[in-house]
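There are structures below to look over.
Look for subunit A in each of the two complexes below; its partner is subunit B in the first and subunit C in the second.
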Partner chain A sequence: MTPNSFISPQPAYVPGEPVERHVADEELVWTEDEQQQIAAFRAQYPTHDGAVMKGLWLAQDKFGWLPPEVIQFVAETLEIPYAKVYGVATFYTQYFKEQKGQFVLDVCTCFSCQVCGGYDILHYLEDQLGITKGETTDGGLFTIQEAECLGACGSAPMLQVTNGPYVHNLTTEKVDALLADLRAGNMPGFQSVTLPQDEDELGGNRRSDTDAVTTYQTPPVSETLH
Partner chain B sequence: MPQVFIDGQPYEFEEGGKLLQFCLDQGIEIPHFCYHPALSVPANCRQCQVKAGLPARDRATGELVTDENGLPVINYFPKPQTSCSLDLVDGMVVHTQYDSEEVAAIQADNLEMMLINHPLDCPICDQAGQCPLQNQAYKYGPEGSRFEFEKVHKPKRVQLGPNVVLDAERCINCTRCTRFTAEVTESHQLSIVNRGDKNYPMTAPGQILDDPYSMNVCDLCPVGALTEDYFRFKARVWEMSKTPSVSDFGAKGINVDYWVRDNQILRITPRANLDVNEYWMPDAARLVYERYNENRLQGARVNGAAVAWETAYDEAARVLKDADGSVLFLGSAWATVEDNYLLTKLADTVGGEVLGYIPYHEEGRGDGWLISDDRAPNAQGCERLGIRALDASLLQSKLAGASVLYVLDDDPVAAGVLSGADLEGVTVILHASHATNETLPHAAVAFPAAMCVETIGTYVNEAGRAQRLRPAKMIRSMNRSLMMAMGTGQSRIDRGGTPFDRWHDVTNKVDCLPGWTVIPELADRLGRPMHYKGPERVMDELAETNPAFTGATYPAMDLLGVALEDIGEPA
Partner chain C sequence: MADTPTLLTGETKAGDWRNYERVILPPIKDLHKIEVYEDHGGYDALRAVVKDGKFDPKGLTDEVKASGLRGRGGAGFSTGLKWSFMPPVDPEKPRYLCCNGDESEPGTFKDRQIFEYNPHLMIEGIVLACYAMTIKTCYLYIRGEYIDYVHHVQKAVDEAYAKGYVGKNVLGTDFSTDIVVHWGAGAYICGEETSLMNSLEGKRAYPRIKPPFPAQAGCWGMPTTINNVETLADVPLIVNRGAEWFASIGPEKHTGPVLYGISGHVNRPGVYEYPTGMLITDLLEIAGGARGGKRIKAVVPGGSSTPPLTWDMAEPATMDAETLREAGSSMGTAGLCFLDEDTDMVSFTRRIAHFYHHESCGQCTPCRDGTGWLEKLLTRIDEGEGYTRDLGLLLELCDQMEGRTVCALADAAAWPVRWGIRRFRDEFEAKCKAAAFAGASLGDGSALETGELTPTGTPTT
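Moving on to the complex of A and B:
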């Protein structure tokens, strides 16, 4: 874009304009099990507002992403204003407001990852998949996104797969292996990354990729819901 | 009483308040954006920061710790505090930007940061001239910006709903607008979307901001991000005069400011009166502004022909004097207390009867808040003068034997209380504000009436609060009372006017007159002059003599009105 051809961006949904539907009304129902989960979320907080994030998360798990009708469905379920839930959903990048590929690869290019080659990894991925960041491959298998710090700077560069497992200490070979695994339908497992205090346990090797320690494991967030 | 020390000065305070509001009440200005007295306190703009602390006390004894000079040692908070959210505590010591360079620097830095992504398009922004961001950046901000990169771009010209337009680039994310819809109207139509420097208020997908009170967000918005659709690019703020008065939209008596340029009402905004409308007004009450400018009846008429006012007075007086049947009068819930009162006196003069006022009560129109069931502003004022809601069948039966019907500021045909046919054989004298008045074709004498924005007077709202009208725009023949009320001397126009001066402009003046000018003219000609020097004296007399108006003098009513004694239900 040349500097003078500026056109102001539009909001994602222009007020009052019809919104394209992606999920049919009859699909907008919770199963018995989901209803119980929602009841449990609500019980955790003094007001219904508190359950909004978990509610959205559950909905994203169920529908794959959060089109407006799903956001509205969550709002109605939790009896909180639609606009408010929409505001929360747009605040977090981990809530998908657009349809994504089956595997979303969030490549960190924030400071630590950047100096350790985060952009190289990002561009390598882009070359391999023939798309650029923000895009989804034709078959709908992969989406590449650029992410800010995901809190794993110690094992930079890294990426996250669909809000789930992290893949640490990336190299092009590891990217190739990851893509092959994912194409075969295998999600990477959770991998423990050690902290300085584990060094003794690991014989001084804290850049190890071994899944040696279990002490500090936390399961991926998506799994904590089930 | 507990005390707080602000910039070295002691102030006594009542327990339970916050520091910022207390300072504002004391006349100590501290810059702020997100704080609004009617909304919750999120402390998100960070503009109101001050340095604050408490005197140190010995933990063991509870005694104040003093330094070598015997002065108390103050334990300051390690970081500046947002005064809007800081509870006042006895003994608290506060340093504002007036006293502390550190605080002044913090506030300047905050403003510099706020302006990083602000478009600085003040020259084309409707808010310029009344913009807290502009004013406070000018007073407390840095001289320039160190930000040399392309600013973040956000949606502009977004029609959020029928009445409100958003320019997201100007937004500083104070959340006043979203808090208004969440806390005041509870329509929850707005929410801040997205994150960081890309966020702005927006409706949920597919929905619009159609809250009946939506335009209050434009008043709340401390920048030009939310503007009233009807007023965008109409006039610069400094080209308009702003007159505190009362809305004639319904019986609520909403306190407003009328914004005038070239003798046209361009905008109406709420004026704070915590006993009436707090800080708010409904959109519908703003959108009536064109009524005051358009289709106005101009110049006196006799039998439809334009005549000099004097001629019309003579004719009306003749009609009243020569009446061989009964003379009927209709008061008006649109006219002021003063005009209605003078009407009753005129009726006495000619031995006529005031039948009542036409009621505009519409069951279900109201919303239980600022929109009332009663469409007219002054039914209560009429009731207090003993003028009752008109019974249409009574009017029609009385019309049979009547020779004159005198109507103050109203339109009985359009109101449906009588038809043109009912007026056969009756001479009608009419005060009418609009050329579209449906009774006008039947009027023998028509006096164009000054509307609430052009007159001086009093409305009594449905809760019995007497409130003053002030003239906001000039009429063709300004008399001394109007001149004085508008704060200008007789000869100001030719001497001191500039093109931006409201007194300079002679266009768009409506050739009309208030009832308190016309009715005494008639009384003069009927040999019973009314010796009032203007409407203020009329009200003085009422306040003195009529218990339903006790205390309602102009000085007492001033800007916020006077709550009148309850007179009970009309008999």
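Moving on to the complex of A and C:
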């Protein structure tokens, strides 16, 4: 089972003892630039509540994840009750309510990816990193998660790195290369997926500013798995 | 009825599709750049309508109605009709447009290509729709996983603002409209229209009970219209080339160009643009045929919630709402997934059930618990621990889920299971244990283990 996003992690709490904190008070400040962004977000919606998703994203980008004190910080910034912000943060899977690895590998195993070897990729990654889905490697570098359809079914199997770039048409070789790149600290760049009709009519990628992959050049990962 | 002619003719309803010229994603390099888009007639439709008065708001709505455009987000509702449900303008009440780019239905990946390759077409469509309904703010909701595409779209929106196509006094007229790009954070349910509105308002994305419909009380309780990205991208095309042109593409009742997202066991998966009414067999041919020379066994024609078709059922069917309904499925989002003969339909159905269980928002008991039971039962069958009787139980469970919940997610979860079992029963039975229920005599004097709880809570002894 995937870690259940609906069950909210509670800070370890022992009566009479202070609650475990992850971010110190001094760190809970927005920079000038971030304050401007928040002001811009607020202006986009008729109520303060509207800016809560963007506020949480900004906080997650800043602190890496959303421990209760960060959620509280967002709530105070937007002047809305903690419980409301907490409710939103726990509703969505992409907000991290627990600490994850530096690189979170969201492997799609849904629907088209399932029948195109998504589980092969997931298990291969688990073997390579010595952890199972939902876990983080010892040094805190990688977390593996099983993801639901990420909207790139034509280039299945695929994965997403830390709520960011997609890596399409995975093979075991591509996974090896990706892990090596990430270990060296290089995030994959954005890649277009060419449209098959463009191959015929335009000779490939239609965007001159991005690299592209062609969906159907990759052989199936495993002939046997379905 | 016996005397109704069948739509399952096995002949294409897409006309001369082999010479079809793409219009949503035309073969033009760097069309995502505003200069290139303008060079190829971009924003002409907007200029003609807003500045030169080609249509007044009502005229534009009527034109869209006449084109026969039906929503591309899944439900296939007439777009012009939906627009006409907006109440008369009340200066006290803001009105909103939501552009639905949540695109989380498994098997669907078409809107992503619009964000990436032709965002200005969508933006032009949004402004035209705002004009038709006198709306001053559009929220463009993109799923959170598409964050890279959010940046592409934001850039395009900024360009359009800079050139005066969006914002205050569009093209120097007294019509103004804003586009706010909003992105989610990973929840399929945000694609449901009222859930999307709650998400925008900064609440948990729970779908709302309808009525009231969004046209009466949508975002922040104000009149709101919601359309899919591809639906809105069709609007400038209709303005430029006329409703008649649009209506002439594809079958009469479901017209226009469509982005087909083809995935699964084919040689050339990807997004293809063709008219509606394409034969499923033609689409398979275009997509390079089945991978490894295998035989295709099943097709899911419109995303995971549409019932799977056996190949025999799919062969005479074309991709339009009416024909697919007759064939026993529906058009959904036109995201086709082809499955070859080696596919295990039980694990496939189980994985779909897992998806819906994971994505149920948890408001309604039939959905929250039902999706869980579907997954549990299918898992146990898939692992060889189920009984033939469980299939009946699954079908009963589907009966208890369909039409009893706030939104259609419960139905979407039940359909693939119901029709998967009905249409691939052999495969399900082959994985079930022989006895009708646990504890029954196996005929050789032995009995299966007892004491296990069934979903109804009755011990199976």
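Assume the second predicted complex is superposed on the first by the 176 of 226 C-alpha atoms of A that agree within 3 Å, B and C clash if a C-alpha of one lies under 4 Å from a C-alpha of the other, contacts with A are read in each partner's own complex, and residues count from 1 in each chain.
Operating definition for what follows: a contact is a pair of C-beta atoms (placed from the backbone, for glycine too) under 8 Å apart; a residue touches a chain by one contact, two chains touch by 3 or more.
Fair warning: this is a prediction, and the values are worked out from it, not measured in the lab.
In the superposition on chain A, A:Phe190 contacts subunit C only, with no contact to subunit B.
Taking subunit A as the reference, the larger set of touched residues comes from C, when subunit B and subunit C are compared. By the touch criterion stated above, A:Gly139 is placed in contact with neither subunit B nor subunit C. Once the two complexes are overlaid on the shared chain, A:Phe111 sits against subunit C while remaining clear of subunit B. Of the two partner chains placed by the overlay, subunit B and subunit C both lie in contact with A:Lys84. When both complexes are overlaid on chain A, the residue A:Val19 reaches subunit B alone and has no touch with subunit C. In the superposed model, A:Pro165 lies in contact with subunit C only, and not with subunit B.
Overlap of the subunit B and subunit C contact sets on subunit A: residues 6, 84, 87, 91-92. The touching residues of subunit A, counted against subunit C in their complex, run 2, 6, 44-54, 56-57, 80, 84, 87-88, 91-95, 109-112, 114-116, 148-156, 160, 163-166, 190, 192-198, 201-202, 206-209, 215-216, 220, 223-224, 226. Listed in rising order, the residues of subunit B touching subunit A in the complex are 153-161, 168-169, 178, 181-182, 188-195, 199, 202-209.
Residues 6, 8-19, 68, 71-72, 81-87, 90-92 of subunit A are the ones touching subunit B in the complex.
Of all residues in subunit C, only 22, 25, 27-32, 94, 103-109, 111-113, 116-117, 143-148, 180, 182-188, 199-205, 220, 261-265, 267-273, 286-288, 291-292, 304, 335, 337, 339-340, 342-344, 347-348, 351-352, 355, 358-359, 362 touch subunit A in the complex they form.
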